[in-house]
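Read from first to last, the chains carry the letters A, B and C; within each, the first residue is number 1.
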Amino acid sequence: MPDLGIEVLFAGRNMARMLGGLWVALRISLVSAALGIPSGILLGVVMRMKNPVTKILTRLYLEVVRILPQLVLLFLVFFGTTRMFGWNLEAETAAIIVFTFWGTAEMGDLVRGALAGIPAHQYESGAALGLTMPQIYRFIVIPQTLRRLIPLSINLVTRMIKTTSLVMMIGVVEVLKVTQQIIEANRVAHPQAAFGLYGAVFVFYFLACWPISLLAGYLEKKWS
Amino acid sequence: MDWEVIVQYLPLYGEAAKLTLCIGWMGILFAVGIGLLCAVITHYRIPLLWQLVRLYVELFRNTPLLVQLFFLYFGLPKAGIPMTAETCGTLGLALLGGSYMAEAFRSSLCAVPVMQTESARSLGMTRTQAFVYVVLPQAVSVGVPAFTANVIFLLKETSVFSAVSLMDLMFTAKDLIGLYYKTAESLALLVAFYLMILLPVSVLGSLAERRMRYAGSGD
Amino acid sequence: MKEDLLRIEHVSKSYGENRILKDISLTIHRGEVVVVIGPSGCGKSTLLRCVNGLEPIQQGKITLRGELIDGKSRKITAIRQRVGMVFQNYELFPHMTVLENIVLAPVKVQKKGRREAVEEAEKLLARVGLCGKEESYPRELSGGQKQRVAIVRALIMEPEILLFDEVTAALDPEMVREVLDVLLQLAEQGRTMVIVTHEMAFARAVADRVIFIDQGNIVEQGTPEEFFGNPKSERAKKFLRTFEFEPVSGKTAGAGSAVQSVPGI
């Protein structure tokens, strides 16, 4: 039975280094989510406005961000800025910019959808009870919107985490890159290590995302 | 922007797009097959298989394609299962897509009220007949938006194929940027080609959605 | 002596802790119209669903001319062709036209020729006053029209017995009549029917026998004259009283005084 990498995984600080690499990716996604979700809420409200200019602009923004692969956006910002404007953007900063930009659009659309999903008669029956517009929002619209929105935005966080794995393609040293280095260092002694180590990365990502997905699913069921 | 450079690069991008599309559509085709099978298994709770399918769906929905590809391409050969980059790309996309399609199909099947099956059964139809004539056609029209969203998502995901050294659009762009420093032209072509691939799907998707909307309008 | 068509013998059914049907026995003869009434949640709809093998039962047995009705058995599709069922919410197939809805089962299940099935469908549609609606989609029809299509869909299978599960409960009041008229017409043809309904006047007119179910038991049964004119059990009396309204007392005197006397209003 050849060693398929389990030994390497538990040797020295290897596992700690890999988890450190995972944290680099997680940090990028958490920062982007923290920035993207509030600005997405704002965007969603703006998208609900009847103004044709904001309508077209937000729509355009949304379509562009959603139709291009995130990796293309990443390339545009990372290579585009460094090579064309001569900025020396760090890969991690470029990643946060891109994922915030992308997350804002996704969140904006979720907020728009959730707001649009509140039927008109909910506003009307609020008004019929004599509530003012702020009261209608405070007591009727926002609570219902939040219930739809919270599971969806939790899901957005897992998508964010999965997407940040792309940062290794622009040279951020994250879990895949660290793993590559470890495999390289053990190439002679443990030529088969790639199986176990990449398998471990697979499991790490799963363990990072799955509980969050479960939470989102639970909340969705509870509140629907 | 140097137009001469663009004309010169065009065929390279054309080749790369062909590869992206080839593997992309092949992977999606398999994904639909896997998804349909898994959805039927979970919907009808076929014992044992059902739990396996859940495990597969959860595993692949909660991990990035890039990590899946690394495992398939660099990991599996070490356990004695080598594969070419093309096979790996197709398989990775099929497995990822299968898990997403399974979820989409399952929820469209769930969206067809149980009473529809019961009324079909009360007319003497078998389970299979009720599924084929009554449940499936309704589920298909309910599922169009989720289906197109998944197709677009999967086509976008193909952008990571360069990680397993497939010479796709991203690979070509990165290569040209690295070699000749024609960053603006390389990136412009990259965006243009992805738009050419994705825009038609997006437009077709919304058209199909509009046509299929009848099923949602109640009985 | 009329032939026994359907026999329900000592049937019990529960969902978990909840016992819905408790040792129900009932025999339905050929050509008989049986109306089942009772408060909501009493188990009357469940009983119909059991007769069609849509719900498994824990005890007892249900037989149609001696053949066991069992949802799990392979023979159930053959039996269901002989038992027609119409549901409260019509359950037409929304992706098919009226005609397709009706001929689907005869063609696919009974393997009849399509032309023969279409001819038969048109005849039946005409009889329920829906000539010319063949190519409409269910969403284009009113509730009453949908329910009549659902009845035709069941009839075309030439069932030996028809089950109606609160078929007017989802209808606007002005459409109830058109559906009930169809049911009366079927009764006149001598069809065997089991009807669950809340329409008391209709029950009285159509029934050969009224069954009153409460809390999963058959509490009382008899001819409509007996049951409605002189109910024996306290529970049946109480149930029938819920359909009566007393004139508002003191309406002409001090209007609203009764309301004022209720605390909290």
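By definition in this document, a residue touches a chain if its C-beta (ideal position, glycine included) is under 8 Å from a C-beta of that chain, and two chains touch if they have at least 3 such contacts.
If you're wondering where the values come from, they're calculated on a predicted model, not measured in any experiment.
Common neighbours of subunit A and subunit B (chains touching each): not present. Across all inter-chain contacts, the pair with the most C-beta pairs is A-B.
When chain centres are defined as mean Cα coordinates, C lies farthest from subunit B. When every chain is reduced to the mean of its C-alpha atoms, the one closest to the centre of the whole protein set is B.
Measuring from the averaged C-alpha position of subunit A to that of subunit B gives a distance of 19 Å. One finds 47 Å separating the Cα centroids of subunit B and subunit C. Between subunit A and subunit C the centroid-to-centroid distance comes to 53 Å (mean Cα coordinates, whole Å). Multi-chain contact residues of subunit B, defined as those touching 2 or more other chains: none present.
Taken in their complex, subunit C has these residues touching subunit B: 52, 54, 77-78, 80-81, 83-85, 87, 89-95, 104-105, 108-110, 137-139, 146, 153-154, 157. Contact residues of subunit A toward subunit B in the complex are 4-5, 67-72, 75-76, 79-80, 83-84, 158, 162-163, 165-166, 168-169, 176, 179, 183, 191-199, 201-202, 205-206, 209-210, 213. Of all residues in subunit B, those touching subunit C in their complex are 113, 115-116, 118-126, 129, 133-134, 137-138, 141, 214-215, 217-219. Subunit B makes touch with subunit A in their complex at residues 58-59, 61-64, 66-68, 70-71, 74-79, 152, 156-160, 162-163, 170, 173-174, 177, 181, 183-184, 187, 190-191, 194-195, 198-199, 202.
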